[in-house]
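Listed after this line are the structures, all set down as structure tokens.
After this come two complexes, each holding subunit A, first together with subunit B and then together with subunit C.
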Partner chain A sequence: MLDKGRIDSIQLLLILLMAELGTSLFTVPSRVIAAAGPDSWISIVVVSGVYGLIVAWVALTLSQRFPTQVFTEYLPDIIGRIPGKILAGIFAVVLMHITSGVLSEGSAFIHIAFLRETPPLLLNIILIGAAFYGAFLGIEVIARHNLLLFAFFSVATLAVILLVLPDINTENFLPILEHGYKPALLGGKDSSAWRGEVFLLIMFYPYLKLKQEASKAAYGKVIVAVIYSTIITMTVIGVFGSVVASTQLYPVYRIARYISIGQIIERIDILIVIIWVAGVIMKLAIFLHAAGIAAATTMGVNNYRWPLLGAAVITTVMALTFFGNQAQSDYFFSNIWPLYAFSIELVFPGIILLLAFLLKKKGVSEQ
Partner chain B sequence: MRKILRKTEIMKMDLNNYELENESITSSLEENRAIIDKMFNPCDDMQFREFVIGHEHPVPAFIVFLDPALNYDVFQRDVMEALLSIKDSPPEGISNKWLIQEKLPMGKVLEAQRWAEVINKISSGMAGLFVEGLNSMVLISVFENNSRTISEPSSETVTRGAQDGFTEDIRRNTALLRKRLHTPRLAIKQMEVGDITRTRINLVYLKGIIEEDLVTEIEERINNIKIDGIVADGQLEEFLRDSPWSIISTVDSTERPDVLAAALLEGRAGIIFDNTPFSLIVPVNLTSLIQSPEDYYDNYWFSSFIRLLRWSAFLTSLLAPALYIAVTTYHQELLPTQLLLSIIISREKVPFPGLVEALLMEMSFEILREAGVRLPRSFGQTISIVGAIVIGQAAVSAGLVSPAMVVVVSLTAISSFSTPSLSLANSVRIMRFIFMLAAASLGLFGIMVLFSILMFHLCSIRSFGIPYLSPLAPVSFSDLKDTFIRVPAWMMDKRPRQMASNNLQRQASGQKPEPPSPAGGKGEKQ
Partner chain C sequence: MRKRPFILILLLLLLLMNMTFSGCWNRREVQQLSIGTGLGIDMINLDGKPQFRLSVLALQTTQPPKSGDTSQMGNPATAGTARVITSQGITIYDAVRNWNLRSSRQLFLGHTWIIVLGNSITPEGLGEVLDFLNRHKDIRFRTLVVAYDGSAQEALQAQPEFETITSLEIQQLILQNGPRVSKTGTVNIFQMTYDLLTPGRELVLPRVQLITPPESLSQSQIGIGNTDKNAPQNKVVLVSGSGVYRDYKRVGCLSANETQGMLFIKNDFQTGIIPLTVFGQNYSILLGKASSKIETEYDQDSLIINVKIKGTGSIQEGGSAINEITPEHIKQYEEALNQAVTRICYEALSRSKELRSDIFGFGDKIHRHNPELWKNISEEWEDIYPGIDVNISCDFSIEHYGPVR
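Moving on, here comes the complex of A and B:
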């Protein structure tokens, strides 16, 4: 293993959780609502919940066969050296591609809501620089910072929800299943793509101290993420109604702007911006760490810091090339991302797991 | 290999007695005196007192000592008189053992043979007794204690609490510690650092509470220091740190014996120095640097309140000017309209952008503060007048800065003084400027990115293996009882898990005091 750090199951759970919530909590609700309307909670709880648990099961079962290695290390052992290395390389590039998507999402929000005159490239470089520093310091540092961030993150979102509670109109939650099951299932595809990011477990499993607690982290992450996004999505629907909410790019930010209590507590949208920036940096650091490790193990070098730097640079370039403008990135996240995520999160590890099972490949256990 | 080379180089540099280091003294009085003469030349504060021992068969002898270090009263009464009143030598002849056991009424007397030790001890102020015909000599401790008396620590004052502080004398400091910890568990390990200064350093800790690995680690680090001399504890601190390049110091220093004693009870170690009233505490974490000794003297409600206040002051001192710059430059919409209007009006005449204004004020405050420390005490009044009137009031009426800026700078200044740890407060002083630059270039976004980087950094540094942000990250819930708030003393049953995992129980649990039952019997639990 290239990173010598060790984390416990709670830290792993929170890493996997922040790897999703860092952006999904703010961008996904409107996509789900657009498809499912007031039935969004069904999409999230049933569809994305079940999907997330399946992905978690696949990632967990695969990791448990190779407890001391990350995915890209044991891939060549399963399907042969040359194809294994090629697939591992592609997997590393895919991780960088996802990271660049996160990066463009992150800087787009700051660009729109905050610093309109700053070029997105500069924002990208600064964000990726901060994330690179975190990933460079290793998984233990990410885990520690992540814990503090998660506490702040939860308090901030909770505060926003509590403050907006009086404005929630329960009629917005009705009617249930007005158009049958189809919209609810369709809405699930957006939510699921993010829920499935629990697949990162295959890149973080070896760092876990007590391997028998891995299932707690994997399934726990999916459940907590479902709870979080259900609450947030339903709050958005409750305040704006599903029609208005579906048109908004960052509904949670809108909600926070909406809050005004006694002219004392107002303009707390800044709170959302703060957790957005911190959350995006953390999410980037986690993905970048995975991408850097994937690249380093594919190349077979014994220090992941240089590959990490390479990954950071490639990510920045990719963010400009593939997500250069809002329309591009919007198209990607609404039309391509759900299927793309499905194949990377579930299909690919699933096939590898099947192969490992059929070929009876197993890694060495820890002792 | 490199270490050994460095060691010998320093030795060669050290005086001209290199060849003699391992040799023993000779039995000839003349020869010994010549060697001392040669070695301490020129050394005009050195005195030789020659005399004879015994009346019937007089044996020549001399005592050599360094003049300023000598307590003459004790020397005359207990050394010279004792030696000169010897009538007769014993039948088997004079021996140092006989002199020590029967003739010298002194507490600290020892016999020595090697020149290395002899030279060492004489330079540190002991008197040396040489007798003709003996190939060993006697070292007698007759120090004049020139250090100042115990006084109130000037850098860490408290209103309620012990008022004694460490002094420059290492023995007095360990005595102050012993006074608080009456136990054979209190271990004091003496080491010497510096080939020329041979500064005495005492490593103190409580056996059975501290982790043994930590002790060996500290000892190893101190013993690995090869240096000609140490005059300031900061030098040692920089040799001992885990993250040598970090802006944040991972070693705490204190002037107060009660703070050191409390730290030892938590499983930390202390490093006491000769010649400085500050002793070091390792390992430290951020939460312990925000604690003040007074927290434990005061009511816990009050202490918790003050602690929360101190944490917010800590953040204020770090971020306030940066936030002011960010808000006035980029994010005016964040302020309530009334406040925004009054700030805009007050900034109307100011010709500079927010950053220049803030830098101007912050720099002048830092200069004022530095000058206040350097100036002779009698000028203190002048400085405060200059500071208050010229920089505060006149700058505003001249239209150089806005009144709002003056408020922000003063708030920052006051907040920064409320951080109990001087080294932490100083790190914050530097970081504040970096945050201001980030705010000026990228607004709140810059502040938040920088804060994220700072958090990553804080999470990564360690102090002797203990994560700097513990018990917050990695979290240890039972240790949170003494961080942002302080729970009552009867609830602090456990020592910090990171420091003393092998001996966790600090006190019996369930000691919550209860009033006697109304029936008049002994207070039984309901």
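Moving on, here comes the complex of A and C:
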């Protein structure tokens, strides 16, 4: 284990939660609403909830077989040294690719919604710089910072929802299942791709102090994420209606802009911007830490900090090459990402788990 | 000694932070901005091509004091005068940027209060307006939208009577005083987007009118150097009634009373006076918030919509204070009140049927509560709508009649 830090189960839960909600809470609602309309809650609760729990189960079972190692460490033990190292390397690159996607999403929102003339590269460097610093300091720093952030994140989200309550029109939640179950289930694919980010557990499990509490963190994360995203998505539908909401790229930012209580409490949309930036930096730090550790263990070096720097640089370059403009990243996140996420979150760890089970491979326990 | 470089780095970071205080990349200083408070959008024909004309009621935030005149400095009455400046373009944003050909200051639209749509806007043009208002990063969903039967430029040029700027006056007329009469709706950009995009709804915009103030003595604020009585600079604004659209096309308007009926049915009625004639005498009833409930009934081939309106009111003005009001009288007043409101609502209904525009959102209601039926009728809703049966019933109660008998 390269990072000597230790975290408890609540911290692990919140790390996994923030690794998803940091961006998904604001960008996913419009995708789900576009597919499922007023039935979005079915997509989120049923489809993404079940999918998330399955991913959590796979990641948990796999991690429990190798309690002291991260995924890329025991991968060569299961499938042999050479193919194991190759797959671990690919896994590290995939983690960097996902990180670059988060980075481009993070800067795109700032770029599109208000800082039009700031070059995305500059925003990318600022975001990745802060995230790198967090990951550099280690998992304990991330965990403690995350506790603080999560409190602020929740209060700000709750404030936005409460202030926009008077504008909710319950008629917007109707009709239920107008076009049958199909669109509702299909809408789940967008939500699921993000809910499955609980798979990061395979990179964070060894840091957990009390291993018997791991299931609480993994399943708890999925349930809390489902609750959060259902509430925010239904708030968006209640205020804007599914037709208008599906035309908006950042509907949560729009509802925050829409808040007006007696012409006095207005223009609090900056709250969303603050928690967006903070959440994106947190999410980046978590993914970057996982990517850096994955790269370091693959290369077999003793210090993960240099690989981490490499990962940060590669991520920044990837963010500009693979997600150069809005259309590219929009296309990626709506068409490719659901399938991509499915294979990396569920299929890949699932196959490895199956192999470990069949080959009866087991890691050393902590004692 | 080991701490030394750390402190130096910290100091350096603090210094670097200074750079970001003025913004991230570029700067927009307030003395270089011109704040657009109202936008008027018209369509004109220029060189045989339809073009947009954008009229901006722009606030000059800081006016340079005239040389030698120090008494005016910092005087709020002279700071912040607004003027209308127009520009043309093939698209709206083209016009927004062409505005810079004429103005030395950058246009800032984050504080736009109202959008005035002239009657020259074509259906395609309205679509473009909708997209522009949604896509622009500074304009907010709360910004009010109003219609004007003429060129929007004129409407913005009218004289404000109470506020310093016409756009603020229109905004306050609608937001603050509109609910006191309930004879004009409140439509912001979000509501406009919602009504235009949601199937089974139609757009209804409050209507701005220009009038020459009948009180000729009060014309203290006559436009400078303009003696033409019909010039918009010598007129004032009035917001009353509404303009009705059908599928992006302006088809007609509702009078103030018809608008009130529409508000009753749409559950948007706030407060207002209903005049009654009972026992050959006139009474004013002040209604509080009324609530309406729309239910759709469908069996075999007839579609019936039931509208139930409930609320409370009080007698504010009677034919004669000497008339003693007994419980039996109250019954009669309530009866007359119900009839009056029902009549107003039916007037609005028949007018909207005439215009074939479902301004009440009955189609939307059917869609949400009976999606199977809506699937069959949504295509021909425009033709079905004038033939549907709507039953309106009112149930108002009168709570008090003030401190006299």
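In this text, the second predicted complex is superposed on the first by the 367 of 367 C-alpha atoms of A that agree within 3 Å, B and C clash if a C-alpha of one lies under 4 Å from a C-alpha of the other, contacts with A are read in each partner's own complex, and residues count from 1 in each chain.
Throughout what follows, a contact is a pair of C-beta atoms (placed from the backbone, for glycine too) under 8 Å apart; a residue touches a chain by one contact, two chains touch by 3 or more.
Keep in mind that what you see is a predicted model, and the values were worked out from it rather than measured.
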Original post:
Does subunit B (first) or subunit C (second) touch A:263, or do both, or does neither?
Top reply: both
Subject >> Touched partner set for A:313, first subunit B, second subunit C, both or neither >> reply: neither
**OP:** Considering only touches as defined above, state whether A:94 meets subunit B (first), subunit C (second), both or neither.
**Re:** neither
Original post:
Touching A:241 in the superposition: subunit B (first), subunit C (second), both, neither?
Top reply: second
**OP:** Classify the contacts of A:137 with the two partner chains as first (subunit B alone), second (subunit C alone), both, or neither.
**Re:** first
**OP:** Considering only touches as defined above, state whether A:115 meets subunit B (first), subunit C (second), both or neither.
**Re:** both
Subject >> Residue contacts with subunit A in the superposition, subunit B compared against subunit C >> reply: B
Original post:
Between subunit B (first) and subunit C (second), which, if any, makes contact with A:224: first, second, both or neither?
Top reply: neither
Original post:
For subunit A, which residues belong to both interfaces, subunit B and subunit C?
Top reply: 114-115, 118, 263, 266
Original post:
So in the complex, which bits of subunit B are touching subunit A?
Top reply: 330-331, 333-334, 336, 442-446, 448-449, 451-453, 455-457, 459-460, 467, 469, 472-475
**OP:** Would you tell me which residues of subunit A are touching subunit C in their complex?
**Re:** 112-119, 122, 171, 174-175, 178, 240-241, 243-244, 247, 254, 257-258, 260, 263, 266
**OP:** Note which residues of subunit A are touching subunit B in the complex, please.
**Re:** 11, 110, 114-115, 118, 123, 126-127, 130, 133-134, 137-138, 141-145, 147-149, 263, 266-267, 270, 273-274, 277-278, 281-282, 285
**OP:** Could you pull out which subunit C residues touch subunit A in their complex?
**Re:** 24-26, 134, 137, 140-142, 175, 190, 193-194, 197-199, 364-365, 367-369, 371
